[in-house]
Structures are given as C-alpha cells and as structure tokens.
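The same chain A turns up in both complexes below, where it pairs with chain B and then with chain C.
Up next is the complex of A and B:
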C-alpha cells in the first residue's frame, strides 16, 4: 500500500470522531416510548375528535422485585394499562395534545387496533384514516372496529383471559366469530368499489363492564355482527345471523364453525364445519339481465345428534344434509335481501366480479351501481356433506339392545 | 571452516582453556576427562541434561578398552581410524562444537587432534504424548503433538507411511536456533506453495522463536486482519488431513502447535471430528456451527439496533416483556450490551489464566455477574443476560479458538455501529467484514473459497460433510487438483449387492 500509515490512522480517527461525536442522536430507547396497544376515536361536539389510547405500563412484576412492598392493586394483572385521551380538531391535533400530557413519546408501531365510536363512524372516518395511513410509524395491518357506544368505553377493559381487550379483539378476529378488517383491506375496498362500500366488525359495548371496575363482563359476546359503510359513512349494521349469511356469500366462513339445525321440535343436529368454499359466478344473459350464481360447497363432521335421525342410514343422512343445505340457503337469502334491498350497498364484491367478466357493461352501469346492484338476482345452490359421524356412530336413544 | 570461527586446538589442555573461555558462566556445561586405551587423553564436552549420560558412560568404557599398537602408526592415527566408525560427525570449530552440544550431542576432544568428534546421544526429559487439551474430540485419536519435534515428526510419519511425505528442516532464530519442519506430500502440495512457505520462513530475522505464533505472524499474508490465516492445531490427525488435502504443515520446535496453510474460512469452521462422525450428524453439526458463527457475531449488535431504533421489528409481545424488564435499567441498550460483553470477555480471560484452584471461585462470581444477581440489582435487563449468554456459547461452538476470538473481537465494533446507526450500521459492518474476507488470502488461497471465487464443485465439503464413499475430487489448490481423491464408484454395500 502506498498510502503512509499515519494518514490511514488519521483518516480512521476522523471517521471515528465524526461517527462517535454525534452520539446516538436519534436513538429511542424502549424506556422512552409509550407503547400504544389500541386507539379509540370518538366524535365530539363542534365536529371535534377525541383520541383515546391504551398505553402499556411497563411496571415490573411484583414477584420479580421480590421485596416486601405491598402491591398497588392487590397483585391483579390489570395494573399494566393506562388510558389517556385528548380532544382536538383533527386526529393530528388530538395526538399532539395527548402527547403534551405524556412524558414519553407516543409510539404507534405496535398498535394493533383502532376502535371507532358509532357516532364517529356515522359521520365518516376517512379523515382519520388519512392520518393513520400517512403517519409513518402506524401500521397498515392494524385492525379496525366500530363500537356501539363510545370508543373510550372499550379502552382499559380487562377481558380476563387476555392481557387487554385489544389483544382479545385481534385474537377473536382470527376465529370464526369475526373477520380481520385492517386498514389495508379498507383502503383496497375504497379504491376498488364504485361506492366505497366495506364492512367493519361491530363491537358490542352494552354491558361490557361488569360491576367490578375494569373487568369485562364475561357473559356478553364481543361482537355484534358487522357495520356497513358506504361512501365513507356507516349506514347500518348486520346482526350476527345476517353476518353469518354474509360470510357464506363472500367465502369468509371459517372451518370450525358450528352449525345447528332443528330436525323437529326439540330435536337438533350439530355439525362442525371442516371445509367450505363459496363461489360467485357473475352472468349477464341475453336479455340483459344481471344474475349471480352462488355455489356453496361445504363439508363437516357430526358433533352432536340429538334427534331420531340415524347417520348410518343413507336416506336419513341425506335428509340431514338437506336440512343444513336449506338452512344455509335461507340464511344466505335473508342476508342478501337485507344487503341489497335495505342497505343497497355492494359489500359482497359483486362489482369486482362483474368488472372482471363484463368490463364494458360494468363501466356503463358504474355510475348507478347501487341501482344495478339491488336488481341483481342471486341463485344460491348449496351442497353440504357430512363426512364423519364422530366417535359415536349410532345415537344414544337408538342403540339396539345386545 | 569460516575465517571468523574459532578453530579447535590440538593440545587438549589448550582446548580446555579455550572452552572455559568460550563457555564461561555456562554452569551446565560439563567436561569429562578420561584416557582412551589408557594412553590417549580425551575429553567429553556436553551440556548436562541434554545427553543420555549412561550411554556416554558406556562409550567411555568402550573407548577406554581400546588398545593401540605402536607399530600401527601414531596413537592419533590409530584412534582416528577406529573412531570413524563410531562418531556421527567430525567438527573443526568452537562454534560447531557449541551447536552440537546444545542440541544434545557429546563432543569428544582428543589430545593431538585439532578436530572434535560428535556423538548423537541427545536425550532429554519431555512430556509424554497426551490428549490434546484445546481440541478434544469424542470420537477420534487421543494423542496430541508434544513439544518434541522428533515425536511430532514421528506422529505424522506414522500416519502417512509414504516416502512422498517430505519434511524439510529450516533453522530460525539467531539465539534459539529453533528447528522448523515444513511437511508436505510430494505430488499433492503445489511446489510453488512449498517454495513460498520455505522462502517466507527463510526470511525471518529474529532472535528467538518460542512458539509457532511467531512464525505465523511473520509469514501470514495480512498481518492487520483479525482473522487467522493459518490453522493452528495440536492434533496430528488434523495435520495429516491437511497434508492429504495438499496443504502444508509447519512444525515448530518446542511447541505442540502445528500450523496448517493455506486455509479458507470454511476449513476453520470444521473440526476433525466432522470426518469421524456419521455424515448426516456431522452435516447437521456443521450447519449448527455456521449458524452460531453468525449468532456470535450479530446477536448482540442486532439486539442493540432493534432496541434503540427499530422497535417495530420486535414482535409485540416480546417488546412488551422487554420493555417491562428494561424499565428500571439506567443505561442505554448499547452501554448495557457493551458492559455485559466486556464483563463476559473478562470472565473468560480470567477463567483461562487462573490456576485451577481459583477457577471455581471465578465461575461462581461469573454466574453472579452474568445472571440473576445482575438482573435483580437492576444493572442489566434479563433479555440482555440471555443475549450475552447465547453469544458466549455461540463463540465457543467454533472449533478453533483463534476464529472464536476474532469473532468475539469483531462483536464490539459491530455493537458500536449498531448503536450509532441501527440496522444500517449493522449492515455497514457486515459489508465491511465481507469485503475484508473477500480480499483476504492465505498463501494465495482466497479466504472465502470455494464460495468466493465460486467453485461449485468443491461446495460439497462446505454445505455438508460429504459421505466418505462419495467420489470426491481433490481441492483445486493442490498440484493434482481436480483428480479423483476417492475412486468414483459406489458405496460398499451397493457393490456387495451387485455381486450377489
């Protein structure tokens, strides 16, 4: 090497100095951040917005310190959440006001849940979405929920089984109870549908709290179906039964769903779904009528048989299957009716399917999509098969004497 | 005989005076007067402790019994005639004499002859051949090199019973005059390579060589690199394996450490036991080692980077529990990591240097420093303790101490980079190390070969430990590179089946 050593040393020293003298100027230690676990957005008077956040309190466990100090809240696990809220003219304003009250920097990177109050949802939350999508630290895969009352009421609630309500909600959304709707899905729907129609899970707030402070009432389900959004506003909701129909149509029904059908009075058969596939086939026939063909194919295992029906008799098995088919069809038709006639919003994704298959006709129908949508007839056909009877083949009441 | 050498005197008394002057203050030099054939005065000169004195005594007795007849010429002539069949070498200067006696020979000086007669009776106390302490294996030979060059050479020769195993000797060190042996297999090792090694060693100008480390430092390609460019082993089987791959083994006098060159990074990550264990298991272990190589290098810095800049990348639940345990820690993550890693290195060093009796105390204190006590004292968080412990174990997983220690050293600049620039810094560090490794050479062999430069044919020995029966070509660095090392054929069991 031709460069003398002392120059190399000088160069190395100055590079090291440049790097080291700045220190870790933009470092943010874990101790400096307030980790937001969930955020609630409510409508306030004078068109203001109220932002409430659930912040993780990283207090070390009592048993870890091992000392004889008396615990603050009798050792309950719920001491690790702080709820704070602020009102502002916009989300950003509310957040800056909220920040002023906290000694640590609000950290959105691990936020999993946005809960909107019903009032805010009815006014429309596109402004808030703009903030969440623009703000770099916030994640696009954050789940969105709408709650019946005020969003702040869902904050700080301890669901007992999980660490906090936000975790419980995200976990439940993965099961058959509800669906995952995150910022990304909503954005996609806004872009893809002609009238910005989408659904968001609806949280049941009534009696969320038990008489004990902060503890959730264990006897109330978390969800109350879905809310329907059209043109950025919430226009209504589907109850649990209609939601089920909606799941059937949109192929969102999850395996492990349990279906119960009544054979006769006080006689029921229950089936655990193992697989299900719904297929929508758009069709414009020669007369110019728009139709949709819905084929649902599903199979399941018998998990309870409290009826006279005998699984081992092929005719009776077919009868049970027909029963379920009829039930599903009824459920679907009812949901379709409500979605098409009452809400006139294409949350089913019909427009996307027609656009793909009939782009020209779709383009023509696009300006008045709602009108076109409510006239689309859906032909539902259900094929249900029960594959396995479970460990008990006969039903108890009918076991023949030895 | 050169001009500046002191000639030997013919008169024995004169020789004695000269020797006394030459070897003054050498209290271990011994002179032993006697008469050959009861007539001719003679004198043995030797260093006590280096010679087999019993055999010297036998020699003296035998010589004392020699009888001379006057009609057969002078005593000196008769003596010279008879001694020629016994002695190993004739010498003519004082310097030669000292050379011989310091390597254990006995010099016989005789009155009336200005020459000395050397007898190779070298024999000194040495350590027995023992289990190699630093490179232990579960399966494999249990003998390790010792300090004796003779034994070490014998151990190699025993493994390679072929005249193709050549051992060239060189002497290095003005005062220590250490013997260096360059061993290679003729026809396998490239002759240029042998010459290069010999030339490099020949150029060493130094007072003393006490350990192979000195040789290594003198002849390695890149002295400023933290990575070892020669493999240092005390296992003769590893040395023999190196020889078979066309490498060169350098044995140094008075040290049980043999140097193998050239090496690539991958051969430094392999253990001789890989080849003794079943190949599936050895392959799995090899991969374990590769992954822990990266863990040892990157985990502390990665942890620092994630915790100071990229909280998004930590899974939520983990971040919450880290946040909880870090809540009362007064130091930034970088400081914490630096402190703990330094502490760990200190403990390791203390453990190596301390006498065994104190060792237990160190391990107890060590468990307190890196452990529960440190966490409860609120000095470090428990995830940090885990990180330090994992990296500690990871660095010990590397089979060669010299690689492990270079990785451990590089961890510190990496942590600093991660603390200053986050993952960007970490990446800069990785790129820097990669560039360095790519440019590094060991006696002309690229350090990352066969990955860079890419020699796909030799990858089998990197990505897995190939089964012994798999036909394999010799590494390309060797003279006969590319020729078949094991016969392209079939596994014995298949051959057997075919015969049936």
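Up next is the complex of A and C:
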C-alpha cells in the first residue's frame, strides 16, 4: 500500500506547524536581562571576594515614560544605571549570589571593563582571571584596571562627560595618559614572561580625587599611572611621571603628548609630540655582560615658548632640542631605576627580546630572571627634533620693551 | 542509492573540507602545547603524510578488484578473515567519527547552545547526514560544492580581519628547542591528514579517473595552506597562551572589533564549524555504510543507513563520559591510534597486494 502524496504533505505541514507555532514561548527580551557594563572585584575579610556590577537597564522606568518629555530629561541617561554587589568565596560564588538578588538574568556579553580593588590586586587576581577566561560569555577584549581603594566605589561614579564610568575609562585608555590592557594581553604575559610580570592601568576614584574647591571634577575617573604585577600579585605602582618613562622605553608613548622642559628658572618650552619611536636592542658582549641599547627618536612641534631662547636661531634651537633630549633621558633612567632596582620586575619585555636574539643564554637565565634583569644595563640615546615653530616665528618674551 | 557519479574536483573539495572542519578549531591549541613557538611549521611537515595517504588511497583503489577495498581485503586474507578485517576497519572508523561528532557537539554545547541537550545536537546532525547519505554521494558532493567556498571565505575573512592585531614577533626565535618539538606536533597534524584515506571508499564513484592525482595534490596543498594560515594567525595574536584556550580560533573571532560596532563574530565560527562538520560526518557516514554493504554484499544499502546512524548516536556517548576524557584521548594515544588505522594498516594492505601481484607475475613468467 502506498500513501498518497497529499497525505504526506499534510502530515509534514502539520508537523512543521507544531514545531513552529510554539514560537517564542521561551524568548528573552531585552528587559529580561541585566546588561553588565562593568564589574568591580574587591577583597573582603576571610579571603572572600566581593563582586559588584554596573548594570544598564535598557527599559525606561514606567513613571518616567508616563511623564513624557520632561521625565526623560530629568531622568537623563544616568538614571538607568544600577550598581549591585554580592560577597562570595570565589567569583563564581559571588556571581550566583548576585544573580539570586536580581530579577533579571546577568548578561556578560557587553561587559567592557573589570576594575580590581587595590587589596584584591595585592592578594593576586589569577583566580578571578580563571573565571573570566573560562566563563564563555566574557570577552577577551575586556579591559582591566586596578583602582586605589575599593572597586565598588568606582562603580557609582557617573562622569559628566560620558554615559557611565566604564565608557569614560575605555575612552581614557585611548588617550596619551594610559594604555589598554585587556584579558588577552594579561593572559599572554602570564604565559610568556618568566615571572608573570605585567602592568595594569591604575585609576583613582572621585572619592580620592575630589577637592572641595574643584567639585566640578569630582565625578571623573583619573589615571594614576600603572600598577606592577609579579607572580600574580600587585607589588607596586608607577606614578604618572614614571609611567611616562615606561612608555618611552616600551615605545608606547603616543603622539599628541605634550612635553614641557624647563630652560631656566621660570622659563619653559612646550612641545607637542608628533611622532616617536623607541627601539630596544639586546646585546650580550664577549665578557658575558647583558646590555640593552635604547634608541629613542622623536619629533614634535613647538606649541609654547615661555623662555628667552630664540627658536629661529639654529644654535639656540639645538640647545632647546638638547634640553628635551636630556629631559627624556632623565625620565627614562629614573623609571628604569625604579623598575629594575625597586620592583625587580621585567615589565619592559626585556625577557622576550633576549629570548628572540639569544635563546640559549635566555633559557639558562630564565629560572632566575629577576636576578639577571636587575643587572641588565640600559644605554639610552635620545634624538629629539623640533620640526615646526607653529604660527609665531619669534617669541613675545623677546620683544624689546621701550 | 549509494552510487551516483562525481568528478575528481568535487572529491577534492569534499576531502579538503573533510580534513579542515575540525582542524581549524582544535589544532592551534594542541600544536601549541606540543611545539610551542614553532607550531605553525607543523602542518608543513604533516603535509608529507597527507600526500602519502592520498597516494596510498589511490594505489589501494587501483589494486582493488572492482575498485572496492573490501574485495581487496577478502582476496588477500580469504573471504571470512577478509570480512572480519573489513568489519574491524569499519569499527575503527566508527570510533573515530564518533569522537569527531562528540567534539562537534561539545563545542556547540559549551559555547552556543548551553541549555540544549547534547543528544539533540548530535541527533539533528545525524538525521541530516543520514538523509544526505541515503540520497547518494552526489548530494554530499554538491552540497560540498556550495558550502566549501562559503566556509573557506569566512575562515579567511576572520584571519584577514585579525591582521591589525597580529604581532609577528611572537614567532621568534625559530626552532628554539630544536626540531624535536615540531616533529612531535606534526604527528598530531598527521592524525588529521591520515583521514584522507577514507577517499578509498569514494574513488570508485569518480568519473574522470586520470585527474585524481592532480586534484589529490591540490587538495593536500590547500589543506596545508589553510592550516598554516590559521595557526599563524592564532599564534601571532595570542602567542604561547594559545595552548591555554580550548578553541583559540573562536577566541580570535571574538577578539575582532572594529569601530565599536563590528564585533561578536563568533557566530561565523559556529556556522563554519557546523557546515564543515556536516561534510565530515557525511563522508564518514558514507564510507561506513558503503563498507558494511560491500562486506555483506547488500542489495539495498540504503536500508542500513538509518540503523547505522542510530548506532553512531550511541557510540558518540560511549566514546567518553566527558569532554576532557575525549580530548585527552585525542591529544595522547589518539594520534598513534589513528595513524595505525589510517596509515600503517593501509600500507600493509598495499604492500601485501603488491607482493602478491609480484609473486603472481613471477609465476606467470616462469610458465
């Protein structure tokens, strides 16, 4: 017996209908999820960890939408941020406790920032990284920061210039004061450096920064240099000046950085950097001494001349350039000294450079790398050129007074 | 019907994807663990085994009576022992393909469909492949012809989009610990290349037999190119930490971000993996069905397609209790296991057949 085609078609159609008509019975709408914009991790007593998240609430409040235009205005974009936190024995535990308190599902897919409290960083956050990297919905491009004080305090900060703290941080990372450090980079450094040495940007919260007289700036995050990690723990930090030196060494200095050199007492010259290149050349000489040659070449445009030096006179121009070269060299040497002698942490990537050129010697020195590292002498040479004087040829200071 | 004719170009395209489907996702991590900085060299060495296996498959096909490798076994070992050897070989393929399917399902399960029962993921794929196999190899070949360009294009697209993030310095120094780790890593790659031997079941369907060698060569070359490209991209992106990620290519795709809106490309990886895995499973499925029907001289081979699928579904659960057991097996014993099955065993067959022919030749010339 054969079944007629039309019955088959009917059967297929009804099966398809059964499958499709269920539709979106288990749909998850935007207002069913809690979109995490940033996460803060703090150390708590008894070795517990506190996870605080900044959640973006996409659906506007019912009251507000009823109020119409005015409601939207007064609510502003900031009204949709919620900060919530929970304490647990590990990140995963804290997250599950946090989830229990929220009626919406936590959604990590849009998280851009992890902020660690200083205490947590000093204890070491490898355990937390394991969670972030293992937990599939978190992305490797997420930036990491360490804050002086508690991470949860940064969560509530709503800067005036950006929609929320997390956006402010990511935008700031792109400027010349700081760098992006994301999960991928940290993971890479942990695996490749002999002693798990890396840096993470260090930020200040409004609570630390606010001064009564400058309340306008209270709600803005600031960068306070870099923190240094070694063997999974934060062991110290570099202030902005030392960070600058670190940037010079590692070729991370960004164009548009403004440099100011003192010519004499109360006399300064300022230059806007347009291009810069730092090159590190590792060398092991015949006596077995490890050396590093640092060549910095940069150029910039004059943006302010508050001195008696005359840019248009070639000799004086060279003198100004020499001043900048000496300043950069001093900056670099100071940073080198702190990084090598005080922290003994190879955050400069020397290990990688020596490994590339002298794999055998490197392999021998690897087990005691910090001993080798602090003995590496760095010879710095700086070449600075001022290309253009800007719109003024002569400076106002030199106009003879009647 | 298990027949239907294909061209050798179609065969090459199918075998190209057949090897690459699971490689691109799994290989960078495993080879990094074994060969560290030189992991990108491993496919270049493994390629030799690829050429060898393609040559072996072609030789076996030429030596086989009526082009059926099962008949060759029967004529070499005697009818009953030959059938037993053939069944053993099929059982081996069963094992390998279920590991493959399990790998696929675990990937989908752990990255995308977190709540779907794994049996649904495996089951739907097997129903699809079973349907394709029932319709004959021509269907698989034609779907391959449509899918493979899409898959390859998107794989390369991901690699190209990664270019700004790549750091070539990760690759230096070359051969840091000598050539030994590279060779060790290339053995794992050989494991993938050796599966090309399955072509022996498909070769009888090829219409233009004189082009087989040419396309076989290009097939292996193409596979090597994509392998090296993906290995290079992954390593230049994350360096030695590639060994710590389960699916580095997925991670790499997730890492792509342009202008703050062109992001979250991991869905492409999933699409590539599903389409590629469809081809891989179909080819295995076809080879197994054909092997069984040849062994028992079945009149209607399509009758056993669905039962074989059901058995495959069970074997997928029998291969290991969890993901870690399966992947430990792949990274350790799995390599020698698959090489014995797909390289040593066929070489033995080929050698025996050649020897026999030589003796026969001696006999006839003596008369």
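The rule we apply is simple: the second predicted complex is superposed on the first by the 342 of 402 C-alpha atoms of A that agree within 3 Å, B and C clash if a C-alpha of one lies under 4 Å from a C-alpha of the other, contacts with A are read in each partner's own complex, and residues count from 1 in each chain.
Rule of thumb we're sticking to: a contact is a pair of C-beta atoms (placed from the backbone, for glycine too) under 8 Å apart; a residue touches a chain by one contact, two chains touch by 3 or more.
Keep in mind the model is a prediction, meaning the values are calculated, not measured.
Asks: Answer with first, second, both or neither: which of chain B and chain C does A:375 touch in the superposed model?
Replies: Touch status of A:375: no partner.
Asks: Touching A:29 in the superposition: chain B (first), chain C (second), both, neither?
Replies: In the superposed model, A:29 contacts chain B only, not chain C.
Asks: Looking at the overlay, what does A:359 touch: chain B (first), chain C (second), both, or neither?
Replies: Only chain C; A:359 stays clear of chain B.
Asks: Just checking: does A:19 make contact with chain B only, chain C only, both, or neither of them? Give me first, second, both or neither.
Replies: After superposition on chain A, A:19 lies in contact with chain B alone.
Asks: So, does A:394 touch the first partner chain B, the second partner chain C, both, or neither?
Replies: After superposition on chain A, A:394 lies in contact with neither partner.
Asks: Touching A:190, do we find chain B (first), chain C (second), both, or neither?
Replies: In the superposed model, A:190 contacts chain C only, not chain B.
Asks: Tell me which partner A:107 touches in the superposition: chain B (first), chain C (second), both or neither.
Replies: first
Asks: On the A-aligned overlay, A:308 touches which partner chain: chain B = first, chain C = second, or both, or neither?
Replies: Touch status of A:308: no partner.
Asks: By residue count, which of the two partners contacts chain A more extensively, chain B or chain C?
Replies: Of chain B and chain C, the partner in contact with more residues of chain A is B.
Asks: Tell me the contact category for A:140 with respect to chain B and chain C: first, second, both or neither.
Replies: In the superposed model, A:140 contacts chain C only, not chain B.
Asks: Based on the A-chain superposition described above, do chain B and chain C contact any of the same residues on chain A, and if so which?
Replies: Correct list for chain A: 109, 139.
Asks: Over in the complex, which chain A residues touch chain B? Could you list them?
Replies: Touch residues, chain A against chain B: 19-20, 22-24, 26-31, 33, 35, 56, 58-61, 65-66, 80, 107, 109-110, 112, 137, 139.
Asks: Along chain C, where are the residues that touch chain A in the complex?
Replies: Result: residues 110-111, 114, 169, 172-173, 176, 237-241, 243-245, 251, 254-255, 257, 264 of chain C touch chain A.
Asks: Along chain A, where are the residues that touch chain C in the complex?
Replies: Contacts found on chain A: 109, 133, 136, 139-141, 184, 187-188, 190-192, 352, 355-357, 359, 363.
Asks: Of all residues in chain B, which touch chain A in the complex?
Replies: 307-309, 311-312, 316, 319-320, 322-329, 332-334, 376, 416, 419-421
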